[in-house]
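Below are structures written as structure tokens.
Presented sequentially are two complexes of subunit A, the first with subunit B as partner and the second with subunit C.
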Partner chain A sequence: MIEIKNVSKYFGGKRALDAVSLALPQGQIVGLFGENGAGKTTLIKCILGYLRFSGEITLDGAPISRKNIARLSFATSEHSFFPNLDATAHKEFYEQHFPQFSEKRFRGLMEFFELPKHKALRHFSTGQKNQFEVILSLCQGADYILMDEPFAGNDVFNREDFYKVLLGILEPSETVLLSTHLLEEVENFIGRAILIRRGKIVGDVSMLELEDSGKCLMDYVKETYHYKADRVSKALSELTDEQ
Partner chain B sequence: MRQHLSVLMLAARSTIYKILGLFAFTAVAECALFYFALQKTLGGEPLALEQLMSESRIALVCGVSFLLLCALLSLTGCEIGGSKLRYTLQRLSVGEITIVFWWAVYNVACFFLFWALHVVIVLLLSRLYVARMDTAYVSGQTILLAFYRNNFLHSLLPLAETSRYIRNAIFVLSLGISAACFAYRQRRGEKVFAIVVLAMLVVVYFSKAMGNFGSDLLLSLTALGITGSAIGIWKGRGLEDES
Partner chain C sequence: MNHKKKLVHYAPPGVNLGQELGWFASGIGASLLYSLGFLFRYSREYQLLFLWDGTAKVLNTSAVMPNFVQVLGGSLDTFLVLALSMAAVAIYHYSYHYQGSKSIYLMQRLPNRWELPRRCLTLPLMGVSACLCVALLLLLIYYAVYMAFTPRACLAPYQWQKIWSVILGVGI
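Moving on to the complex of A and B:
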């Protein structure tokens, strides 16, 4: 289990995370939602140890360090692969550093997305780069797969395919933390939704709870954010009057 | 050890074909320039070997090629291809400082090969000169004397001048380390231009007349100082392993 206890992060004087506390048990697909600048990416980077923070983040009780970092993988729309290498070179490199690397899963996903194996990644399209980034994160044999807007730039059919594949291949012990704006798209694929706003966790709900209450994820988000449905019409009428 | 080797191979795989291409192009260009200059001198007024080397502009081609090699090696590992390499490098089973070390080793090997290639080229071209020139203009001492009289040739292969060998070794070592540190700092958003200063220093002051111990000493110390600044020891921070 990943436990995040009282984690705060400041950039200069600006607070990016404000005493965030969370627990991510194994075997869940968790959606992390929030507006731009809400703190989603910062939270994920703190978990991975890319950013210094105050508070505590542990993996099964131990701090996250090079000793256990292989249990976490990361897919980001910023991409983290080596642009000059091809897919096969990546596979060989990752196999050396991640002993649990699944060659079978890698081969299967490469074939499914019809990605070229011997072409340098810098020559891939944005969509292909995203796919490859996610493939690498899924094949490392990590227990916790952290994804930060992994499908930015992919078309809707492609994303749909990916969610289905994701559900099909994940082992019961694998946890996915998926940060995205695409609420309605992932609603049917996640088991839990976490809402973050201005660095604070403002909502944490399981999809079963939502289902029982008869709400959809969008309703829950709007309710949590105190979204005013008449905001647009008011603004428009004011603007029209002015004109 | 396999993980360490894979890190070394990462640098090699990203650059080896470009470097081999650069070496081949340099060798062809230098040989062609020398050949044309030799043809000209055979048909006109004979020039001494050291004069022919200067006339053929081999040193200029060597300098341009050297700067390209510096750029190629420095940019390996930089985040310029639209990918955040540090996200992967910080999650590997070997530390990022170890990665910098192995990449520095690779860079040193490349700079050493660059030097060795030029020694072979100028020796072969010297042999060609001796073979093609009229026996009235050449003797058993022609090549030896040319390497004493021509500053570029002498600095490339300083014969009995030990301080020049040591200076060249320090250049190779400093360039390799600075190039690796450049990428490391760039991944952290820092601007360290030690490699640029060092490369310019080598280009401008490489060719020196023989018996210039003071200059060799000063250049060696300057190169070491610049390398120290690349590593960051003057600021008291050094290279810190963040993972």
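Moving on to the complex of A and C:
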């Protein structure tokens, strides 16, 4: 289990995370939602140790270090692969560094998405790059797969395919933390939703609870964010009057 | 080719190693050519040790050959410049992980914490070593030339010590 206890992060004087506490048990698919700048990426980067923070983040009780970092993988819309290498060279690099790397899953996903094996990644389309980034994170053999807007730039069919494949291939012990704006798309695919706003966790709900209460994820988000449904019509009428 | 394949494991993944090695080889070649200036200077100083008696060339026994370090001058300085430029290569290797993607994220979360420094620093350090070795080898060769061809009568004493005094920056 990843435990995040009272984690705060400041950039200069600006607070990006404000005493965030969370637990991510194994075997969950968790959606992390929030507006731009809410702190989603910062939280993921703190978990991975890319950013210094105050507070504590542990993995099964131990601080996240080089000893257990292989249990976490990361897919980001910024991409973390080597653009000049092809897919096969990436596979070899991962195999060398991550002994749990699943060659079988890699082969299967590469074939499913029909990605070329011997073409430098810099020549891939944006959609293909995103797919490959996610493939690597899924094949590393990690228990916790952290994804930060992994499908930015992919078309809807592509994303749909990915959700289905993901549900099909994940082992019960694998956890996915998926940061995205695509609320409605992932609603049927996640088991838990975490809402972050201005660096604070403002909502944490299981999809079963939501289902029982008869709400959809969008309703829950709007409610939690105190979304004013009439703000658009108000703004429009004011603008129309002015004109 | 086999060596290049081995070296790939000591460079950032996907970096154009052939081009880097090519640039380095060119740098070594240019430094080598520049260092040949020693032979021209030595030859000129050597000629000054002789007087012409009619058509005969006679050694001027009162003439003194300038010290080896003076004749050598800055002939090997380009090797130093090349060695120092390896710092820029190390910086380039690190910044390479920000080009076209953020592969630095992957490098920073590898279980082996030394993988990133190894891939950024090994080749530049090998470059520095190669520069120093070639420079040292040339120093020895040029010293041997100086000692072998300079007439004993014109040779100032303590040449080897004088080299060290320059290297260590202490007077003799």
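For this structure, a couple of remarks:
We adopt the following convention: the second predicted complex is superposed on the first by the 243 of 243 C-alpha atoms of A that agree within 3 Å, B and C clash if a C-alpha of one lies under 4 Å from a C-alpha of the other, contacts with A are read in each partner's own complex, and residues count from 1 in each chain.
Note that a residue touches a chain if its C-beta (ideal position, glycine included) is under 8 Å from a C-beta of that chain, and two chains touch if they have at least 3 such contacts.
Computed from a prediction, not measured in an experiment: that's the story for all the values here.
After superposition onto subunit A, the modelled positions of subunit B and subunit C overlap sterically. Touch criterion not met for A:N154: it reaches neither subunit B nor subunit C.
When the shared chain is aligned, no partner comes close enough to touch A:T175: not subunit B, not subunit C.
In the superposed pair of complexes, A:T41 makes contact with neither subunit B nor subunit C.
Applying the stated contact rule after C-alpha superposition, one finds that A:N130 touches neither subunit B nor subunit C. In the superposed three-chain arrangement, subunit B is struck by just one stretch of subunit C from 22-30, 58-66 or 148-156, namely 22-30. Residues 48-50, 66, 69-70, 72, 74, 76, 78-85, 89, 93, 97-98, 121-122 of subunit A contact both subunit B in one complex and subunit C in the other. In the complex of the two chains, the subunit A residues touching subunit B come out as 48-50, 65-66, 69-70, 72-74, 76, 78-85, 89, 92-93, 96-98, 121-122, 129. Residues of subunit B touching subunit A in their complex: 2-3, 6, 9-10, 13-15, 76, 81-88, 90-95, 242-243. Residues of subunit A touching subunit C in their complex: 48-50, 66-67, 69-70, 72, 74, 76, 78-85, 89, 93, 97-98, 120-122.
Against subunit A, the residues of subunit C that register as touching in their complex are 12-16, 99-106, 108-113, 115.
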